[in-house]
Structures are given as structure tokens and as C-alpha cells.
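What follows is one structure encoded as C-alpha cells, with my remarks underneath.
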Amino acid sequence: MDASQLINSIVVSVIALSVIFLVLTILIFTIKILVFLSPYKAPPPAAVKTPPGPAARGLDGTHIAIITSTMATYLGKSQNEFQISNIKQL
Amino acid sequence: MDLTFSDVISKILSTTGFSSLTGGHVVMILVACTLIYLAIWKKFEPLLLLPIGFGALLANLPMSMMTSTDEGGLLFFFYQGVKYEVLPPLIFLGVGALTDFGPLLANPVTLFLGAAAQVGVYTTLIGAVLLGFSLQEASAIGIIGGADGPTSIFIASKLAPHLLAPIAVAAYSYMSLVPLIQPPIMRWLTTPEERKIKMAQLKPISQNVKILFPIVVTIVCCLMLPGVAPLLGMLMLGNLFRECGVTARLHETSETHLINIVTILLALAVGSSMTAESFLKLETIQIIILGLMAFCVATAGGMLFGKILCKISGGKINPLIGSAGVSAVPMAARVSQKVGSEEDPSNFLLMHAMGPNVAGVIGSAVAAGVFISLFGGSEPATTHAAIDATTQIVNLPVMD
Amino acid sequence: MDLTFSDVISKILSTTGFSSLTGGHVVMILVACTLIYLAIWKKFEPLLLLPIGFGALLANLPMSMMTSTDEGGLLFFFYQGVKYEVLPPLIFLGVGALTDFGPLLANPVTLFLGAAAQVGVYTTLIGAVLLGFSLQEASAIGIIGGADGPTSIFIASKLAPHLLAPIAVAAYSYMSLVPLIQPPIMRWLTTPEERKIKMAQLKPISQNVKILFPIVVTIVCCLMLPGVAPLLGMLMLGNLFRECGVTARLHETSETHLINIVTILLALAVGSSMTAESFLKLETIQIIILGLMAFCVATAGGMLFGKILCKISGGKINPLIGSAGVSAVPMAARVSQKVGSEEDPSNFLLMHAMGPNVAGVIGSAVAAGVFISLFGGSEPATTHAAIDATTQIVNLPVMD
Amino acid sequence: MDLTFSDVISKILSTTGFSSLTGGHVVMILVACTLIYLAIWKKFEPLLLLPIGFGALLANLPMSMMTSTDEGGLLFFFYQGVKYEVLPPLIFLGVGALTDFGPLLANPVTLFLGAAAQVGVYTTLIGAVLLGFSLQEASAIGIIGGADGPTSIFIASKLAPHLLAPIAVAAYSYMSLVPLIQPPIMRWLTTPEERKIKMAQLKPISQNVKILFPIVVTIVCCLMLPGVAPLLGMLMLGNLFRECGVTARLHETSETHLINIVTILLALAVGSSMTAESFLKLETIQIIILGLMAFCVATAGGMLFGKILCKISGGKINPLIGSAGVSAVPMAARVSQKVGSEEDPSNFLLMHAMGPNVAGVIGSAVAAGVFISLFGGSEPATTHAAIDATTQIVNLPVMD
Amino acid sequence: MDASQLINSIVVSVIALSVIFLVLTILIFTIKILVFLSPYKAPPPAAVKTPPGPAARGLDGTHIAIITSTMATYLGKSQNEFQISNIKQL
Amino acid sequence: MDASQLINSIVVSVIALSVIFLVLTILIFTIKILVFLSPYKAPPPAAVKTPPGPAARGLDGTHIAIITSTMATYLGKSQNEFQISNIKQL
């Protein structure tokens, strides 16, 4: 290893790190532009959003709510603590 | 011609591995078993280090024709996927499919932390040159500080294929050691007050931004640093599969069975290059020491830039998230969370640290691109390699 | 030798994509972004057009070595799977595994509708010859009217590889446009009375027939048109995995992760062939216009034969199912259903239209077989190609 | 130059399969259909025999370019995975991921039963030599008695590639016939009292032993018989993925989609080698007869050694589990259970028979290793093969 | 492009379309023969046909019917509207 | 085929079978050593060991036991005959 190699490596390092900062700075501004152009909009609150699976099969959230509350009553448990997820229409 | 009992027995004896077992084989078998041990019992990146260790074990059972250079052997074929740089980009396709860039988009300034952590790459490069490595070799060693396995393998197989095995092993090992390496440095460079800083909740990001981000990053980065296209392009394509909402099938395959298959092939191939001649050298020890240094300096670089951002932002950014800029997703972000909650259990830094964490992946890919631009395309080397490839392919034997 | 700052900076600048960015690149990047836009926001066959567009994007970022002809580049390797015609048959394996031929077996006469829709292939062929294309090129362009992506790619890479990109893009784009292209033609060619015809419920089919069908089709078609064996054979093998009931594992893999992996590789490879030199030509515009004509004439052909069948059957067959003969599974069948139910909401044509719909897949595969028989095996071309292949493989460089 | 109608028609006629259909093709198509029939309706190893049969069907539709030697054809490419011995080890990776060696570890003496069953290999070898086969050929035929498909394919493609097709077909067919072949031999060689022996419940095995086992087996066996490393190494790696508890992703992929994809490619490739020239020979009939003999003698060998173990253990080991030593996992173990429960319905031998059953896999892999040590590495053959490979690769035509 | 190319393309088209109709006609007759040789037979109506999974595990359709009707009673819903599919024997 | 080939094949067979027995004997002893060094230890009996899935989601075995016994009561069936495995917390 001679001194020139060391100098080379330092030159390379300084420039490479500068390039990285340059590229990532460009990315930061690009992101800011993107976020500015397409800001986040909160989705409209769905009134009674139901799981798509059963609903598509003719069983809507109401049925599941009834079953859940019935079982919850018998079990003395909060309805938040469990979910019936596998009822399929025949 | 009659075969006598002694003929047959001597034939079998002459083809056992014992007949050509050397000390180098024995040491490498122990190294392989150590990797397997670390993977299974110490949970060091087991998805990579277990098959790497097993590949190394097979490669060092003598006469089994399982090294990466045994033409016609099983792992020779897998190794071609490393040599021609097909497998690391496919891993990155899966990584992109698994990565949520949301926290980065919500706080884009954390990209600077992913850039600052690359300082580890360059101090290591200079250190490696001081130890006598060539600039190409030093670059491949430095990229260990990028804390990104596929990037390290990609650059090593391009710039210094003879150092592939120690570089890959060092990269994955230190990634597993992030929870041990980083906290002391993080505590040493920050005050308790800094560590207690709570950050504002991240803004939500629109789906369109999440979709446009991988496309824009690909265009910007690959225009400036074309050599990074295979890695960064596949990373961003995987992320596009994830975010676009219309390619669920491709997203699922990319992040599960495709990345798993490629991981098995890649890790076995890397392991198969761990022969005594290539691994039991002074260089390996130097690489392992340099790799540790790379991780430490990268952590410090991220932390110090974190402190700068903290100052600039008027104390709104906790410098602890800077260490996550080394990538090592998601361990480094968890370390930020852990060190922060030690000081104040109600401080949740995890999501904030995910920003610099994924920024670190982009940062080291960009660093890789710079190296490829500088050292990647020299004409004579390509010609030489083409002749190499020709020779290898046309001499491919059927094993029998 | 010392590297000075200016040396290094000029080296980096000289290797940025900007240094060799041409107008062609810019236009092609816009084309690629348009494909990505259509895939994501207009849901144009996103599983194919998204990765095709992304592959085109990567291929046109200058110096990124990602075109199909950049030897040793990542997408070059994927492209070999197109060039050697390995990937399209594997896609067809998955398509077969996903296809239920039951409606076709219940009403085999609908195979004629799949045949009649091929009229679009041949009017387009004649049109292409009129525009000055050679017979081989015209055949590859005509097959766009088959409305079958893998078949189009298979034939294009065999008969006119230089036209692969525009043909593939046209085929997949128009398949997405089927819901726009077909209804006006369908309404124009039918009376409201015809559109109101209700068809008798399909007879159930025994499992043995479903199992024997793919075997018999393979034997009959491949004996008559051997060139179609890779495509049709794999399609029928996939269907046999599905129907035989004893290879559930292979069926599941064929229709999920295998087809997904192959789709990623195939689409990127097709995209990588979209360079400015190959795409920004008058021929591309001609192909796009001819492709639209192919779809329209194919729809009309199916409709008109549907009317014939309607007459012959004494009004038992609704001519609207004829347009489904273009394949484009299952969109074309849904279009038949939709146009039918517009006239009479209680008319359910979907299952009836699935018969000609899958017949269209067989029809265009057979059409492809005829082209291969006519133009596929000329000795000089093969020899030339062999020399090509040799040159390419033995000159394969390691990228570094 | 004008094409006339008669030109075009004669061109098409000259390229139909009928123009070159021979009696050999017809017979082979019938053979292929028989295999498909056995796979689907008789459930003979359908995962293998169905695609083997379909591959054979495609290969024998004349001019379809689907045999394993049609350079540039689809199945030619798949066949390279057999020829270069990449696919069988990947199958074994999946087999290892699917195998529970627990019953073997709980009762390691049953490894002897897996060794004893290999006697079928060697009597068959001697029989084959008596019929005029060379030692290499006879070894490849003998390994049918190992009742292990991938091992048979691996050895056949190494030692006698021209016999690959009949050997693979015989191996998989007889594995399916195990429930018919074994019971008479088992009843004939045992007394009712022996069949009634109840065995003590298996001891549980610690997780560490299950993890260490595949590593130790790899080291021990590959050191002694290096040629077995691709097969046994991958088998044990798959098992390590299963048992180590930290690589669930790789385990799942190995045992599902990876093994499924490889099975499709391997089976089609094997089928594609079933041409009339290679299959309709006296040797095929000899191999089928020798294969049956191999299974019978292997069963008897396992039974007789079972009787010896029964004596030595003082009646604690039921000799019926000996027949499971042929491998054919898990059918042979189920046969032991069934024959045992016929004598005493309360006798549950299944788990006890799983020990020798998986031991049989190791046993025949070791037998394969001995053959490779003896016949695998002769220098002239390799040179010849290398030239072959060169020629094949550099002459690869693009199909068009 | 000369006239001969156009004539060639028309010749090719006519013949190719004829070949397609020929091949598909053969397929139609083949299918008709197959369907004739192996007509569909309705499976014998199993008295109480139960899903194989639970049955194989010792829970037959009767149990499921009881559970279903019990729940249906409580829920005041038709038994056709849902299906219990995930009861496994321990 | 001459006699020498036959003799060769017998020599090969005898030696190969011996090698197999040798290798597998070594494996047997290796296994015995492994089992000796790392004997099986029964895991400490977890007081109320519950399926991990629901437990991790806040529903422990108790809830399932209550639901199960409730349903069993209504059905007049042994609780061993079925298992509720698909209750998820919302």
C-alpha cells in the first residue's frame, strides 16, 4: 500500500458519500412533491362495514352480529372478545 | 479382468473422503458447524446462516464435488446464480414485497439518516486500503457496513468474488449482532434527555404516493447510478407489487415461495464458496474485524446525524432512530425502540425508526451503485470474464 | 497513479444514465409509465402489463444493462426463457390448471365458435401482408386476434422475434379492452330477439370425460399439428392435474406459485425487449391498428357463426355467446353475459359463454400450430439461429 | 414466388405427425396411456407416474420435438436437470422436509433393517450381470430394489442414462405395488406367533437429537461415501429445515411448492426419455422382471433380518416391521401395520415400522454412494461426457 | 409487397382456417364419442351425506345438523343460510 | 457375459453390502451417543396449557371451555367429541 492508494480511497469516499447525500436529497424532495400532489384523504366512514366474504355469500353483518350477541349472552362475555368467522352459506 | 476383493476395497478406500481429508477441511467443517450452531441455537439470521453453514459443510467434505468451483457439481450450478448476479436481485424482489415504505414517506428527512449510516462503508473502505486491499476489494468489504446481505453478495461477486464467502458471513453475522453492537454506542453518543424525546405521530400517506414512490425512486436512482438497476429495480418492483393493489398474486409469491426458493439456492451457493483456500486466510480475519468496525461506525454515523436532525428540528427528532439507518431491517429499528423505552417506557420509537431503517436499504443500494459506476465496467475485466465464462460453460462435464 | 477529485467526478458523470440518454429513451420511459398507469389505475391485465411496463422502464434507463440483448444482464437471462420458448408453455400449464372445460364438453358444438373467431387472425394476416409485412411477421401479428397472451408471445418469438414487444403489448392491451371493443359489434350484429334467447341448462359431464378430454385433445391435435405440442400439451397437462383428482399438490402449485413465478419472469423479459430501436417504429403503430382490427373481426366472426348456429339449432343458441370465442378468458364470456342481461335481466349466459370462451383458447393454439407447420421449420433459419445461439452463449460475460 | 393451394396443403400434410408415425410411436403412446391409466384410476404413485406418462405421450407424438434429445425442445431443457443431476437432489430436499426420523432415532437398531433390505439391490445386480448387463448397468437396475425414485433416477442418469426410463418406471410402479407384492412374502416368512408380537411404546426423543441427527449423518456418510453428498446432503438439509425450529419458511417451501415444481419438471423429463428406441427393447422387459425380483428379495431380506432381531431381542421386535426396510415411504410401513393387525387387530405396528421405513431411504442412499465410489469417477467417461456436453450446449438451436 | 404475396396470404388463410375447422370438428366428434361412452351418472343420493372432514373424525352430519338447528332456533333464521364447517374432534 | 463378470458382481455385492452395514452400524452408535448425551426431558406440565392462537389474541382456554361445554349441554354430547377452533378476537 502506498500513499497514493490511501489518497485515492479518501477521494473516492468523500465523493461517494457526497453522491449518496445528493441522490437521497433529490429523493427527499421528490417525496415531498409527491405527498404535496397527492395528499392523504381519510376514507369516508363506512356506516356498517361488514366482512366481504360472508356478505358476498348472502350472509350480512347483521346475521353475524345476532349470532355473536346470542353466544355472548349465554357466555357472559363481551362481544369484542371473539369473532365468528367461519359461517358459510350452503 | 477380474475384480478381486482387495481391488474393490482399495477402490472404495481411495474414494472415501478420509483419503484426502486435510487440516483445512477439518477446520472449515468446524467453521460450518459453528455457523449452523449460531443459526439454530443463537438464532443468528437462521434463514441465511443455516443453509450457508450447511453449504460450507458439504463443500468441505472432501471429494464430494460440492464446492462452487467443482464444475458439474450440484452447488456449482446454484453458484452460477450468484456469479451471474441473478439471485440477489430476486431476493430483493421479495424484500421489496415485504417492505412498507410508509414510515419513510411520512418523514422523508429520515432518508438522510440512511445516507449518514453509509459513513461506515467508507471508513471501512479506507481501513481496508490501509491494510493493503485493492480499491475494488476494499469497496466490497466496506459495503458490509451497509448491513444488507443481498447488496453485499451482489457487490462482492462483482468486484471481489474471491472474498465473497467471508464478506457474506460477516454481513449476516453482524446483522444478527446488531442488538449487541449498537446499544452501547447509542447510549454513549446520546444524553438521557435526547433519548426521552417523544416524536409526533406519523402522518398517513395516500395510496397513490405509496404506488408512485417505487416508480420514481427507480427512475431517479437508476438514471444517476445505472449499475444499481438490478438490485434497486427489483426491490422497487416487489414494493410496487405490494402497494399497487392489483397484483396480489405476484406480491404473495414474491414475498413467500419465490424468495424462499431463491434464499435456499443463494445461501447454499455462498456456503459452497467457503473452501479452506478461500476462507482460511489472514484476509478473512481482517474482513471480520473491518466488518465489525463498519457496523460500529455506521451506527455512530447514523446517531450523529440523528443529533444534527434533532438540533435542526428543534428537538422533535429523537437521535436514537439514527442508528436504524444501518438497515438490518427490522432489528436495528427494534434496537432504537428498546434503547428508547429503557429511558422512558412510554416512548414508542419503533415506527419512527422504521423510516431510517428502510432508508438504510436504499442508502446502501445507492452506495453500491456508486461503486459499480466507479469500478464496475472496466473493459479489460469484462473481456477476461467473458473468456472465463466461455471456458467454464463449454467445459461443463456431465458428472459420472 | 493518483485519482484526483475531478477524475472521480468525471468517471461518475460519464457513467450516469444522463450521459447517454436519448430522445428514444425518454419516449420509451413514457410508454413504460403509460403501461404501468393502465395496469394499476385502469386495471388493464395488471398481472402482465405491470411487470411488462416495469421491465420496459428498466430497459430504457440508459446504461442499466437491462435490455433483453444486454448479454449478462439480469433481464437477458429471463429473456432466454422467452427466446427458447420455455416460459409460455409453463404459463399454459397454469392456465390449464385454472380452466374448467366442463361447459365446452357439455356443448361441444361451441368449439366451432372458437374456430370461427380465428377469422380475425387471418384477415389481420392479409392486412399485414398488404402493409408490407412478410408472411411470418404477418402470422405473428395475426395471432393477436387469438386474444391469448402466451400464444402470441410463443408465436412471435418463433416467427418474428423483432416484433415481440409490440405484439405482446397489443395482445394484452386489447384483451383488457374487450369490454369496450365487443359490445357495439355484438349489438350491431344481433337483433333484440336473438339477444333474448335463453339457453337450456348445460348437461352435467362425467368425471371420466373430463379426465379423458385433455389426453385425447393432446393426441389428436399434436398428431395433426406437432408444432403446437409445447403449448397445447402443457395446457392439457395442467387441466389433467386439475381434473384427475389424484394430483392435488401439482394442480395447486401449477395454478398458483409456479404460474406466478413464470409470469414475473416472462413479463419482465417481454418488457426488456421494448427498446426504442425495436418499438419506436412505424411497424408498432401498424401492429396496434392491425391488432384492434383483429379483435373486431374475431368478435364479428364469432358472432356471425353464432347466428348460423342459432339458425341451425332452431333458435336454441344465443348468438351472443359467439363473441366469447375470441378467448380472453373470462372477460369475453362476461361480456356475453352482460350484453345478454341488458336485453333481459333474467338471461344468464355466463356458463354458456364459457364453452366458446375456452374453445377460443384451443382454437388459437390450433391456429398457432398451423403457422408453425407452415413457417416454423425451415432449415436455413434454424441453422442461422443455432449459430446465433452458439455465439450468444459462448460470449456470455460475467458482469463486472 | 406464388404459393398454390396444393403447395400449402402438401406442406401441412408433410408436417403432420401422421407422415412419420411409426409402429414404435403407436406402441409407446399406448404405453404412455397405460401409465396415465395406472396413475389416475389405479392410483399408482400418481404424482410421478401421471406426468411421466404424459411426458412419454408428448415425446412419442412424432415431430413434436418433445423427446429428451430434441435439442431446443421444451422437455430437452427440463431433461438437462436430470442429466446434470440437479432435480433429484431437490426432490430429496423436499423428502427430507417431509420425513420424521423420530421413530428411527427412538429405535436405532432398525437401521439394520434398512440395510438388510438392500440385499435386493445386490441379488438383482448379480441377476442383471447374468443377463448380460454391464456392471454399471446392473448397478443402476439393482437400485430399483432400493424402492426410492429419486435415488434410482440419480444413479441411472449417472451410470446408465440409456436405461433411465425403464428404471424410473419400474421403480415407481413397484413402489405402488408394495401392498400387493409384500404381504404374501411377509406371511410366508413369519409364524402367526411372530406376527402377534406387540412392541413397546417408542421412547420420546429430545429436540436436540433430532437437530443433530441430520448434521451428523451428513458428515459421517459423506466422509465415507462422498458421491452420495448431493442426495443425502439435500435430504438431511430438508430435515434440518424441519427440525431446527428457526427456518419454518424454508421448511414450508421445501415440502410444498419447491418439491412440486421440481416433481413436474423431473417427471416430464423422465417421460420425455421414453422413446421407442430406448424403451421397446428386450432390456426393458428384463429390467421390469429384475425390478420385481429386487422388490421381492428386498422384502424377504428385511423380513429375515427382522426375524434375527426378534431372536436377539428376546421376542421384543416384531419381524413384520422388517419389510418396511425397503423404504417406499409410507406404503411399506402401512403394509407392516396391516399384516400385523390382520393377525391381532389390537396390534399397532405403524410407528414401529416407520423406523425401518425411513432407514430404508438412508440405506439405499448409502448403497447409491457405494456404487458412485466404485463406478462413478472414471476419468475417460468424464472427458467423453464433457465433450458431449460441450457439443450439446454450443449446438443449441433456437426453435423456429 | 407484390400481388403474389397477397395471393399467398389469402391461400394460407383459407387453408389454415379450413384446418382449424377440420381439427375442431374432429374434436367435437371425439367429445361426443367420449360423452356417449361415459355418460354422466348422478351419484346415488346419500341418505345423510356429510362433509368428509368431520365425519372421518367421528363427528357425523347428525351432530352438525343438531348444532345448526339449535343455533337456527335461537337466531330465528333458516338453516339454509349458514353452515358450521369448522368443528373438529379433539 | 463371462464368468469373470459374475465373479466381479458377487465381489462387488458382498463388499457393498458390508460397507452399508458398516456405515449404518456407525450411524447406530452415533445415534446412541447423541441420545445418551441429550436425553429427552419431559417439558414441565403447563398448568392450563391453551392453544396459542386464541390465547395470543386475548381469548384463553377458559372461554373456549365455556363455549364448548355450553354447546355440549345443548347437544347432549361429550365435550371430547368436538372442538371449537375458529374463534378470533375482533
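A, B, C, D, E and F label the chains in the order they appear, each numbered from 1.
One rule holds in what follows: a residue touches a chain if its C-beta (ideal position, glycine included) is under 8 Å from a C-beta of that chain, and two chains touch if they have at least 3 such contacts.
Computed from a prediction, not measured in an experiment: that's the story for all the values here.
Enquirer: Going only through chains that touch each other, how many steps at minimum separate chain C from chain F?
Expert: 2
Enquirer: Please state whether D-E or C-E has more C-beta contact pairs across its interface.
Expert: C-E
Enquirer: From the C-alpha centres, identify the chain that is farthest from chain F.
Expert: For chain F, the chain whose C-alpha mean is farthest off is C.
Enquirer: What whole-Å value do you get for the distance between chain A and chain E if each is reduced to the mean of its CA atoms?
Expert: Chain centres of chain A and chain E, defined by C-alpha means, are spaced 38 Å apart.
Enquirer: Could you give the separation in Å between the centres of chain D and chain F, each centre being the mean of its C-alpha atoms?
Expert: One centre to the other, that is 25 Å.
Enquirer: What's the distance between the Cα centroids of chain A and chain C, rounded to whole Å?
Expert: 34
Enquirer: Can you compute the centre-to-centre distance for chain B and chain E, using the mean CA position of each chain? Integer Å is fine.
Expert: Those two chain centres are 48 Å apart.
Enquirer: Counting only residues that touch at least two other chains, what does the list for chain A look like?
Expert: Residues 8, 12, 14, 19, 86 of chain A touch two or more partner chains.
Enquirer: Can you list the chain D residues in contact with two or more other chains?
Expert: 8, 12, 224-225, 256-257, 370, 374, 393-394 - these are the residues of chain D that touch more than one other chain.
Enquirer: Looking at the complex, which residues from chain B come into contact with chain F?
Expert: These residues of chain B touch chain F: 1-5, 8-9, 12.
Enquirer: In the complex, go through chain E and note every residue touching chain D.
Expert: Against chain D, the touching part of chain E is residues 4, 7-8, 11-12, 14-15, 19.
Enquirer: Which positions of chain C touch chain D when the two form their complex?
Expert: These residues of chain C touch chain D: 83-86, 89, 93, 158-159, 211, 215, 218-219, 222-227, 229-230, 233-234, 237, 240-241, 244-247, 249-250, 252-254, 256-258, 370, 373-374, 376-377, 381-383, 385-386, 388-390, 393-394.
Enquirer: Note which residues of chain A are touching chain B in the complex, please.
Expert: It is residues 1, 5-6, 8-10, 12-14, 16-17, 19-21, 23-28, 30-32, 34-35, 38-42 of chain A that touch chain B.
Enquirer: Using the touch definition from the top, list the residues of chain B that touch chain D in their complex.
Expert: Interface residues on the chain B side: 8, 11-12, 15-18, 21, 29, 33, 36, 39-40, 43, 46-47, 50-51, 54, 57-58, 61-66, 72-74, 77, 256-257, 260-261, 263-264, 268, 393-400.
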